[in-house]
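Chains: A, B, C and D, in written order; residue numbering restarts at 1 for each.
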Amino acid sequence: MTGTATVPATSLARQYRAVRHASAWLAEPMTVEDQVAQSMPDASPVKWHLAHTTWFFETFVLKPALPDYRSVNDAFEHLFNSYYNAVGPQFSRPQRGLVTRPGVDAVREYRAHVDRWMDTLFERAAAGDAPLAEDVIAIGLHHEQQHQELIVTDFKHLLSFNPLRPVYRERQERQERQERQERQEPQERQERQERQERQERQERQEPQSGRAAERQAGFPGWVEHSGGLVEIGHAGDGFAYDNETPRHKVFLRPFRLASRLVTVGEYRAFMEDGGYERPEPWLSDGWATVQAQGWRAPLYWERHDGAWWQQTLTGFRQVDDAEPVCHVSFYEADAYARWAGARLASEAEWETVAAEAPINGNFVEDGNWHPAPPAPPASPAAGAPAQIYGDVWEWTQSPYTSYPGYRAPEGAIGEYNAKFMCNQMVLRGGSCATPRSHIRASYRNFFPPSARWQFAGIRLASDAG
Amino acid sequence: MTGTATVPATSLARQYRAVRHASAWLAEPMTVEDQVAQSMPDASPVKWHLAHTTWFFETFVLKPALPDYRSVNDAFEHLFNSYYNAVGPQFSRPQRGLVTRPGVDAVREYRAHVDRWMDTLFERAAAGDAPLAEDVIAIGLHHEQQHQELIVTDFKHLLSFNPLRPVYRERQERQERQERQERQEPQERQERQERQERQERQERQEPQSGRAAERQAGFPGWVEHSGGLVEIGHAGDGFAYDNETPRHKVFLRPFRLASRLVTVGEYRAFMEDGGYERPEPWLSDGWATVQAQGWRAPLYWERHDGAWWQQTLTGFRQVDDAEPVCHVSFYEADAYARWAGARLASEAEWETVAAEAPINGNFVEDGNWHPAPPAPPASPAAGAPAQIYGDVWEWTQSPYTSYPGYRAPEGAIGEYNAKFMCNQMVLRGGSCATPRSHIRASYRNFFPPSARWQFAGIRLASDAG
Amino acid sequence: MTGTATVPATSLARQYRAVRHASAWLAEPMTVEDQVAQSMPDASPVKWHLAHTTWFFETFVLKPALPDYRSVNDAFEHLFNSYYNAVGPQFSRPQRGLVTRPGVDAVREYRAHVDRWMDTLFERAAAGDAPLAEDVIAIGLHHEQQHQELIVTDFKHLLSFNPLRPVYRERQERQERQERQERQEPQERQERQERQERQERQERQEPQSGRAAERQAGFPGWVEHSGGLVEIGHAGDGFAYDNETPRHKVFLRPFRLASRLVTVGEYRAFMEDGGYERPEPWLSDGWATVQAQGWRAPLYWERHDGAWWQQTLTGFRQVDDAEPVCHVSFYEADAYARWAGARLASEAEWETVAAEAPINGNFVEDGNWHPAPPAPPASPAAGAPAQIYGDVWEWTQSPYTSYPGYRAPEGAIGEYNAKFMCNQMVLRGGSCATPRSHIRASYRNFFPPSARWQFAGIRLASDAG
Amino acid sequence: MTGTATVPATSLARQYRAVRHASAWLAEPMTVEDQVAQSMPDASPVKWHLAHTTWFFETFVLKPALPDYRSVNDAFEHLFNSYYNAVGPQFSRPQRGLVTRPGVDAVREYRAHVDRWMDTLFERAAAGDAPLAEDVIAIGLHHEQQHQELIVTDFKHLLSFNPLRPVYRERQERQERQERQERQEPQERQERQERQERQERQERQEPQSGRAAERQAGFPGWVEHSGGLVEIGHAGDGFAYDNETPRHKVFLRPFRLASRLVTVGEYRAFMEDGGYERPEPWLSDGWATVQAQGWRAPLYWERHDGAWWQQTLTGFRQVDDAEPVCHVSFYEADAYARWAGARLASEAEWETVAAEAPINGNFVEDGNWHPAPPAPPASPAAGAPAQIYGDVWEWTQSPYTSYPGYRAPEGAIGEYNAKFMCNQMVLRGGSCATPRSHIRASYRNFFPPSARWQFAGIRLASDAG
């Protein structure tokens, strides 16, 4: 939580409106019914996300700044508090889906109410009549972007229980948009055509080539790093969460990072080699989870007539060998890497390489809501690995802990990150459900090692030299 | 399932429309959000109830009778099947609340679709162009009435998780309706005033009088029966479920049945005597449940500032000592009866007495959705116990088993009652959530002994002579 | 609990010593280790059974009668109390296997201590110097006999977790004993030879004959009863538990009882007909249990190389088609009966027939600890069904409830039976683990419908006339 | 697993006999019954520990080296395999306490059998007739020492369920031994007297002084370190597990390590300040565990008449404010540190300081089986912190992961450590249940953050400079 002090209020207000609008845009294709249900304790109703992100601004920005601010309902302080003990007790998380009132319209009105007051605050602040906690607003905006990703992932999880296989938005739209893009980017056209041909071949389900071949043949290459004493963590410019600080020195051995993500095809070779049936490649807790949960494939995959199909937000379809594998847990990512004779990267290794890469990729605004095959050049020659940002979060081998010298902020905001530094693994790089402006090289996402409902995938690493 | 053979199609069609309309009327005050959520595996979303009752007519009436019938969606056969293995596999019960599509509007359209086809069927049958399975339609109507009661009880359970304490319908309406009634029934007015005064006294929380006094003083009397060889079970006229047959002989010892239901005031005396703190009056499984669930009062009761409050469908208010106690499990009913030096009635005892009583009382159409104090005369002198029908289901001491000579019907309809004849207790008499035309002396309701979310209460019995 | 008032003290003392000795005899083949472990919360360590039965006499006989009685350890009052709330709090049942001290020797000494004091009591009572609560002692002796059966069944359950398949006592001994018997009963010899031949045939696993044939061909017949108003319950002579009283009238329809128990061969036909794979014959709770527990056969059965084997107390061996099927739950008994086109008997039906049969059969003293095929004549002609007593407890269709007019005794002894009258089913007739002197026609055993570790089997019944 | 190549066979044989004998010595005060029971899935019966450590030598040493080796029972390969998938399937861990046969004597004979064959192996190897896998034997010996610690901790856990509060060995013996020591070390006598006086004061339960005072007054000081690029991990001499390798560089910031362990008195101040009642100092998972488990004090503490008592292996007695606090989870250690304005050390910090300290302290051979107050000088002046080794394992803030460049050994031995590198925290320094020769500066113990049954305590650390 550093650094936004120089952003002028007007720019911040613009950002505020853009981020708030993006949440509403994501909820647009959802029915009222869609926004109420909660599919598991780890997920929340979309309606709740829309209210809770609003609660954040009300609680941490408006109430402290504006003495005349009035809430639409005092009970919301309790109802929409996620986990801030310093604010007060929280409504039971697994029962969020049972609160049918306030309904979707009332939540929309709650959002409008807070947005109006935020406008008031921006105006008064510009006039010098109110304090503007710009850093807290910045946190609030990034907080809302995190929940935008959860709106997408939680809704995908909810839809997975529906035997009618509803779609979020039709693929149609996506193809049209792609075609629009392609008119501007003609070199992509051929690549797309090749992909279609490949998929057609695959749909005829040609037998996989042998294991060793499979594991090596298609592998595009590594990006090498010589290691040594490096620095990671937030460097001081722009927004960052507290958990990215302080910037600090880490000593690295020489290492290599894969030039692209592990694909569905590669992961299928692991599956066909008995990946889910033999304990060897697995961590002890991982194997126990495989057995207890009956995992046989990534989440959302189903076997039909000898072929693997998957639920996506744009419809139910066969898996595509060229796409990055997705919806795997840390346990699966780690087991795959061991089976492949490699390992996952540490977060220091990942960040050291990612800090050199431009922030572009397949993000939530692109409307794919699904990872995509890497662009053709895949440029390992160029030294920069592909797909570093967007597509899928990349599991690292690093447990989520505090950086040396870390201090949690005072007050309720200090609960944002610090108290979760146990039993979780760090993921890096953002996904196809992440807003583009939300990600950066030092960004640390974290989930328990068994979590699969996020868009999380695998990049291999290994020791070098 | 006997007896409807002589009802003419037109009368049956009228009944059909009336019952179907009643379901819609019950859902009227609910928002779309209200109709989606499922508060526990034993309860279902209102939307599901509305669809499943429709599915019953589609599956058991329309499909067999009309070759040209087309469903709005073939997947509904699976989605809205509750537990009929003979029809096919069923969608997972605890996940009914996760199926957000079809939504409320689509379910309404499904109902309209089936209703239109039922009209077609009635017409064709009148013209002799289609067979009319009148007995199956009769079951379907009683089936829908059962679900009407569940709509009320499941929705009450759902609302209980909402800290904003929403109401189903305002009490206002109820009082207005009462006042209308009272203009026609002036003798009730005084009684109502007395009740208000009593409640005001009670709200000042005067200390309860001593235990023995409490238990005896207010008790209005018993209805005696000399026992002997009696007959129970459905006698042959009108509709009955299979589980009410065959009518058969039972030998009874002389017994007494309380002239009215146990009241909140009486039950509070049990609570204040340590009813929930000492194992003595409890069955072993009952006491284990009290401990495991932390029960300290009936369901929906809360302690605030030294007084007991309760959630009702018309609002959150203090408990009323004059009302029948409600939302107790069989375990609590049984423990209360033992504490009070009495017992619960067997279902044969209950039915023998109830067969002589007129079917009137406080039913779902009366719009109270809450049990009411007995009418002033309470008429024990007259020999007929009060509150036999309506208000609250009365737990009996009888486990739910088949009657001697019982045979389950062939086919899927045979699953309706027979396969549940284990681990459940019989309740009798209907409740304030039961449609008036649904109940009769031989009617056997059944729930597990720990169930509390139904409108279930207590009537005492004891050996006589 | 009635009736022992006229037994003279000396006879009672003899009974006391005989019953106490029988417990020690059952534990004789067990190692110290065997007597400590507890295989599930429903079962208890053998050491605990030996101590708890001793505690019963100490608590309910010695302490009230002898002011100078001193316990070996005051903590035993708490430690060995099973469920008597009136005596005080109880040590946690699922943790009985964690109390390694007092050890086996100390429990043996505890037994000797109480036995010495009981001798003192018998002497003083004979001299008129102490009161002798003969009815409580009688309960204590029957109580210990019940635990003798549990020693056998709990130990069998414990051994089932040991992959080394230890035996309780060698079959050798049993065969020798049989041979001794056969010298006195030559007519049995041929039957035994036939059984061996049959088993040898079976071990070659000849294919079962078709289902219908299987179900009818071997079936030996029914015992008919004309029904009417009968009396059941304890009649007044000899010992009985309170739950067998009062004797009372029940009206029965005409019925038939199978002339022998259902055999392993018959039950295998049910299994081969998909008994465990199709929901049709099952109660709803039964089918849910089959699915949740993965039941595919009776408890202790295992499939090896295409044949069914079973663990017995005398060793691991193939199942014998001629033996009564055993270790089935009520759910399985009920499903089998429905599949076979019959039903289970009510306890009133069973008792009415059993009251005419002599009390003999295969009991714990016979040293088989396993049910045996019926004796050759099987005498359906004679009107008396075979195997009514001993071999296996017979599940009835009757839930365990109080008899009309039942009153639980005052005080702690009142907890013996009354508080379990819910969620259990009645079993009748005793088993191969029951002491012969423990059983009678009016005896009511009870277990939850899912319990399988008792020697419980199936006798068919059906409506007649 | 490095380094033992130069140890001559005779020395290794001596070590073998010493370690094997130590296991038997620990089991000596236990009854047969004591050695059978299993108090939770995480703990094992003592009998199992004695057999499994023997299995290790049989499986990994004798079978590969001696073609004529014969096991006493082939089933032991399955029965006593803990978690080595490469060896074969394992007997179900939570059911180890149900295997009553082989009994204690048979396990003793199994040990003797393997010991005799190990003698044979040592002899043949000396004669050049057999290969001697010295490194595997060294692992086997350290493996057995780990299980010696578990024998102590698992048995303490088992005894905690016994309401008779049995002791492992009488304190008497310990005091006698102390007195013997004190005759040689007179300067300790006064300190001991002071401790007794302090305890007597404490038993009168004088009110604690205020929080701040409590937290600072008694605190003896810090050991400072200037940080920088250090090396940790096994350096190459002597035995080490694979998980301590490779030695590698870590960059540290300046830090301070407390000069002694946190005491009971200090921890009580945390408790009295609402430590277990307020969420602030806790990690989110920690607070959830506190709530779910109802933790109010360290494991084995009980409140009686306003004072805290604790179960120890030498008896039940009041807690001693001067002793190190023990049997706390990582969650409690972390929360205490945060409350105290400090933090836990990283394992790199800890090892950097510990590498300078001599390996002495309170170990299992000392016969205290309980942590002891620090020796009087406590020598913070000397620069070396007290109690680094022995007394209690010290929770670090480091999740248990692989060191950079780590490679798990090939084969079954590779399962020893590597597959547990997830969801566990590193502990350092050994405890009063650790054999003295088992510990070293680079030793990494690991347990889940909620584990409390190990002798685990707290040393504070903080950032410096």
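Please note the rule applied: a contact is a pair of C-beta atoms (placed from the backbone, for glycine too) under 8 Å apart; a residue touches a chain by one contact, two chains touch by 3 or more.
Given the structure is predicted, the values throughout are model-derived calculations rather than measurements.
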{"item": "Farthest-lying chain, centroid of Cα atoms versus that of chain D", "value": "B"}
{"item": "Whole-Å gap separating chain B and chain C, where each centre is the average of the chain's CA atoms", "value": "40"}
{"item": "Averaged-CA centre spacing for the pair chain B and chain A, given as whole angstrom", "value": "48"}
{"item": "Chain pairs in mutual contact under the definition given at the outset", "value": "A-B, A-D, B-C, C-D"}
{"item": "In the complex, chain A residues that touch chain B", "value": "31-34, 36-37, 39, 47, 73, 75, 78-79, 91, 95, 97-104, 158, 161-164, 166"}
{"item": "Chain D contact footprint on chain A (complex, rising order)", "value": "83, 85-86, 229, 248-253, 279-280, 282-287, 330-331, 334, 346, 397-399, 401-402, 404-405, 419-423, 449, 463"}
